[in-house]
Amino acid sequence: MKSGKGGFTSRLKLKRIQEAISSGKRLDGRGLEDYRDIRVKTGVIEKADGSSEVFIGDTRVIAGIEISHGPPFEDTPGEGILICNAEIVPLASPDIEPGPPDEVSVELARVVDRGLRSAGIVDFSKMEIIPKKTVYVINVDLFVLNHAGNLIDASTLAAVAALRSTIKPIFEVRNGEVVPSGRKEPLEIKSTPVSVTLSKIGGALIVDPTSEEEDAMETRLTITLDEKGNVCAIQKSGPEALTPEEVRKAISIAASKAPEIRSKIIGGT
Amino acid sequence: MKSGKGGFTSRLKLKRIQEAISSGKRLDGRGLEDYRDIRVKTGVIEKADGSSEVFIGDTRVIAGIEISHGPPFEDTPGEGILICNAEIVPLASPDIEPGPPDEVSVELARVVDRGLRSAGIVDFSKMEIIPKKTVYVINVDLFVLNHAGNLIDASTLAAVAALRSTIKPIFEVRNGEVVPSGRKEPLEIKSTPVSVTLSKIGGALIVDPTSEEEDAMETRLTITLDEKGNVCAIQKSGPEALTPEEVRKAISIAASKAPEIRSKIIGGT
Amino acid sequence: MKSGKGGFTSRLKLKRIQEAISSGKRLDGRGLEDYRDIRVKTGVIEKADGSSEVFIGDTRVIAGIEISHGPPFEDTPGEGILICNAEIVPLASPDIEPGPPDEVSVELARVVDRGLRSAGIVDFSKMEIIPKKTVYVINVDLFVLNHAGNLIDASTLAAVAALRSTIKPIFEVRNGEVVPSGRKEPLEIKSTPVSVTLSKIGGALIVDPTSEEEDAMETRLTITLDEKGNVCAIQKSGPEALTPEEVRKAISIAASKAPEIRSKIIGGT
Amino acid sequence: MSSNEEWRRVDGRRWDELREIRIESGVLPNADGSAYIEMGRNKIIVGVYGPREMHPKHLARPHTGILRCRYHMAPFSTEPRRSPAPSRRDMEITMVMRYALEPAIFLERYPRSTIDVYAEVLQADGGTRCASITAAAVALADAGIPLKDLVAACSAGKYEGRIVLDLNDHEDKYGEADLPLAYMPNLGSITLLQMDGLLSPEELDRCINLAIEGCRKIYEVQREALKRKYEAKKEVEGN
Amino acid sequence: MSSNEEWRRVDGRRWDELREIRIESGVLPNADGSAYIEMGRNKIIVGVYGPREMHPKHLARPHTGILRCRYHMAPFSTEPRRSPAPSRRDMEITMVMRYALEPAIFLERYPRSTIDVYAEVLQADGGTRCASITAAAVALADAGIPLKDLVAACSAGKYEGRIVLDLNDHEDKYGEADLPLAYMPNLGSITLLQMDGLLSPEELDRCINLAIEGCRKIYEVQREALKRKYEAKKEVEGN
Amino acid sequence: MSSNEEWRRVDGRRWDELREIRIESGVLPNADGSAYIEMGRNKIIVGVYGPREMHPKHLARPHTGILRCRYHMAPFSTEPRRSPAPSRRDMEITMVMRYALEPAIFLERYPRSTIDVYAEVLQADGGTRCASITAAAVALADAGIPLKDLVAACSAGKYEGRIVLDLNDHEDKYGEADLPLAYMPNLGSITLLQMDGLLSPEELDRCINLAIEGCRKIYEVQREALKRKYEAKKEVEGN
């Protein structure tokens, strides 16, 4: 009953997954380009400045937002800061050990980060508090509670939904020091990127892989798009190659799926 | 001759310890509520602002105090800071590996810290130097040189004795900067907490366990009391449970033993 | 063909090395007091403030210099700072694992550092920017690309050559803040220390050991000398002892070899 | 003072009243057992894996199983945000949590194995260690691991001179004493006991008794949660 | 806009022009294979060790070899100086570098073994991950490891509204998009693909095609470097 | 200048005079051997464990024992307080300490074993590495480990233009040179030699000779300490 909950998927199972997909089917009955059920809740962590919880099938991710202030990055002195952090905590899957962030969670945080940043989800140039000294800092913390595949899409969705729900504390300068003014306002969101991750399995491309499908996959390609159809991040990850045609096909599938996913947050706020 | 110096205690030995205690006796001839010989020296590290060395039987702990200054904690902006740190260095026992602090030394530091803080050993509200910016910082460093059981009681005793011996450098503000004034004064001590640790072995409660007794113990309960008989910290640690009656009995033993232990420092300074 | 490139040297080979040296010869045909070919290039990292690349036989070390500013050390408030850091990266030898600096690279950095500092390679007392607050900081980064023995001599040489090639950015104080003035000037070099490392193998002293010779060596002695013939650092390293006579002989060999090595940088800049 | 039955706390509770508490079991599809607890504004999720083979193997013990715990707080669980690196406080709570749960488990039945209990605090509001233990006991039961008794945990303490049950974050920070306690009601056993603050022996005694009463009430909520899950499961299996 | 053949970039290049590129193989005496690349002001050296026995042994896999990579930057490679501790960026590039090279290697021929590829960036000027991959492929060949194809890597992107090939540091920082891509020309396979910035689908397509063209040119430089080494070796052996 | 027999140092010593030195062996009940040294205001305690089985086992060597050392300073040993994390200086001293002691031990007699030497500096006053080595040799003898010779260690150096023996903290910081040396008097062997500062070859030679003389005196104190212990033990056993 607990099989297929992550952990090692048997060779037999992997073969069955590949054969099914080669012939256009998936073990859970979905079509190759069908997502599992997506649910988005916001405001789940009341104490945070913004938060959300996203379920894609059994995958479950919480995002928490904190708006604070700090010095800007050296190479962008007039701009605000957005920092993404991701933890795949050990209760999320039998395979995860407690410890400092590994390759997978670092990649997760960085791919989500790139999507938000490239899409210009907030106007970084309007986040200065003291010129060149102090800027608004947006911390986006992703927390994976159950890992049932496709963490990047779930995490991007959670981050965007949480940012859209964020009420920003307004800081002000008093006697040269930055202090909370006590006032708040909704964080102004300029864009709504969503990511679509495709897996190549048995030579075919599918969207929204389960963990078992990820165990069987040859390679993975994530494409993040904004609401105008522009591509704002791409990440290939996985041990096998893709042909240029496969890449083109993946981009076109992603472009066609993105609005459907975006509707879950535009609707869900 | 070197058996029983820590390290693995044989099953046979453990059984003998448990059986003896069940029948009201201990292998070293002590009664269940007898401490080993306690010796307290102060001023052992002349360069430190305060110091002490405590022996309980073969257990040996040094405490060193440094008074410096720094920013207050965010949630107590007008108060001074006391930080306890404990190291059980590898020469203290054959079982200890060099490395960052483990669970045992972290617990040791935190239980001693709670006792000092809860008892109000110093008046934290009088430790401001620059309002909300800079306060006195008391570093209490515990250093276990020989681990022969009952580290918490020895460490609490060492910390309190060292603080009582501390000559505090007085800082002052010159041109907006905190500098030593060159003057010193004894650190004002408001309270003298001592901890009494009980072990449950063979169903009975004993005080001041040796390492071998600790290897045989079912569970442990530390009670820290101030000189008015108030309880200022409790810590149960160990894999077995206690009944409410056992807890009550332990508290009453601790209350009766505390003055005897306290006399070692009130007398010893 | 790749034998003798580091890694484990066979017992037979070690014995042959020792026997040859005992009888005054070396496997590569050098005399006991002959260095391998030494080559020094500067300006190899154009973006750095100073840089060099040193080859001693197959040993290859890059040094990069960055001049920045920061607070002085507490115990030398009016003086500039020089920090040496050394990395023996894993491509340098089959034996090196990625990871934080180990004993060998820490020793390497510290011995080079002592030589530079003791020789007074720069005038630390003229490196203040804001009195007691901000001083020039010289970062010397050593990077070992191929480890074929005698890292200390190669690294000292690389550090000195890089410092001699350094064009220092001049900082100035504007509105209480330290900023680059835009102007630059050559870093003033007061001394040109070089180190000579001797290995004791088969009871004899040799200079400039290869890695294989290092595997066979009984102990090692590094002597760093300035251009006036003063000794500015010594480091014995290795598991066996030396007699006072051997030490004296080593110092005298070092004194006689140092000018030859120094000529590679005095000539090479 | 506590006799003043009119008196209400900052959050409107009587002195001997628990915060609102909600427990749900079986909330994580991947874990072998799991539970989610809300206690006041605390939100904590616990997952259990095992009994399973111990990795790395050299930590396994030939004659008994091992219980491993981890207490961890999400970065967004507190204000201000906390660093994801484990603190000394996390290390200590991890340890006392293990000691609080161990007496309930027949570890000797699982030689060479480990049972891993992971508690993640999603939102913290005072009393997270107790709520974590309470949820962990439910998660262990949800994993089908036989227990000697459920472990329920709750704090009592002193705030503005009065003995009160189940301190919230404000009462914990500004109160005079906090005493977290874990209890197995059917065995009458205390498995966690800590105290921080200043109490007379008489106040201490009252706190212990009050915390035990709190645990008894929490125990009922735990049983209810497990029963709900069991019935839900039966219905599903009936389909 | 890109039709403007007169237009020149800040460094004088045409839109579809690579920076000057120089590759030398066999530069490290200790390594089993090695290569040094200069691409613009990038200076990167790559060493390969293996196939060799895996240490620690428990990481070895019975039916296949493992490729391990490390992308690392020298402290002096950037201005300001960087800390020697590996960053999150280093971890990610280490991973994509492994994925970019793995498709070229017959790993199944080396059970229980590892092939270690270490890239050290000595000077960074934009595009270090691509240059590292390009050099690593040459170093693997230099180590005598049979390859399905060479892997060449190159970025394309958008700067001041124009699609351009092989972005330098300035174009990368101030441009609108950067797309690093690795390609095996004879197999027609993309092994690295990342994108950062904002591109319309049409621009994206042009970037991919342009980067592939760039890779083809780099491939020729790689082959040239290997040939030079091979000939030099033959001469030496002829002696 | 050193001929000026009237001249006295800041602490009143003649140029060739050691600080007051006190060594006690057998001070730690748990350790297999131990020693405590006071040398000036230095206070250092050393414990020895072993020869004992090496853990972890893969570090053991089949044909010889291994000597492991650790030099560590208590947080309160210096002013200002130092961080408990080991520094680069600690790592280097740990290494030279091992090299200084190794020549005295018949390591080949203890295959698969380790001898662990732990030095803890309780108060530092210049010359801690020498005092640690001196105490470690006594602790090794106290552990009953046969030694080829005792290792005594002492520094010489230059302060205000004069060659002096056994520099204290002030002389070390403000002096012109410091040369720590360890010596086995009966074997005539130098096992530690470092130098920091600036010395002419002639001054260097005088420093080495002076330090060796210092070591000979320290050796007598070491022997005395071991004799005292041995006699005390005989008395106890006589009871």
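Points worth noting:
Order as written gives the chain letters A, B, C, D, E and F; numbering starts at 1 within each chain.
The rule is short, and it goes like this: contacts are C-beta pairs under 8 Å (C-beta built on N, C-alpha and C of every residue); 3 or more make two chains touch, one makes a residue touch a chain.
If you're wondering where the values come from, they're calculated on a predicted model, not measured in any experiment.
Taken together, chain D and chain F share the touching chains B.
Averaging C-alpha coordinates per chain and comparing to chain F, the farthest chain turns out to be A. Taking the CA centroid of chain C as reference, the farthest chain centroid is that of D. Interface repeat of A-E: among B-D, C-E or B-F, over half of the contact pairs recur, by residue number, only in B-D. Chain A and chain C have Cα centroids separated by 48 Å.
The centroid of the Cα atoms in chain C and the matching centroid in chain D are 58 Å apart.
Annotation for chain B: residues touching 2 or more other chains are 101. Multi-chain contact residues, meaning those touching two or more other chains, occur in chain F at positions 80. In terms of inter-chain touching, the protein chains here make up one closed cycle, each touching precisely two others. If you walk the ring beginning with chain C and heading to chain E next, you pass the chains as C, E, A, D, B, F. For chain A in complex with chain D, the touching residues are 2, 5-6, 44-48, 51, 58, 60, 62, 64-66, 68, 85, 87, 89-94, 98, 100-101, 139, 141, 143, 145-148.
Residues 80, 88-89, 91-92, 94-96, 98-99, 102-103, 173, 177, 179, 184, 187-201, 204-205, 208-209, 212 of chain D are the ones touching chain B in the complex.
Of all the residues in chain D, the ones that touch chain A in their complex are 28-32, 34, 41, 43, 45-47, 49, 52, 70, 72, 74-81, 84-85, 116, 118, 120, 122-123, 125.
Residues of chain B that touch chain D in their complex: 74-75, 101, 103, 106-107, 109-110, 114, 118-120, 219, 221, 226, 229-244, 247-248, 251, 255.
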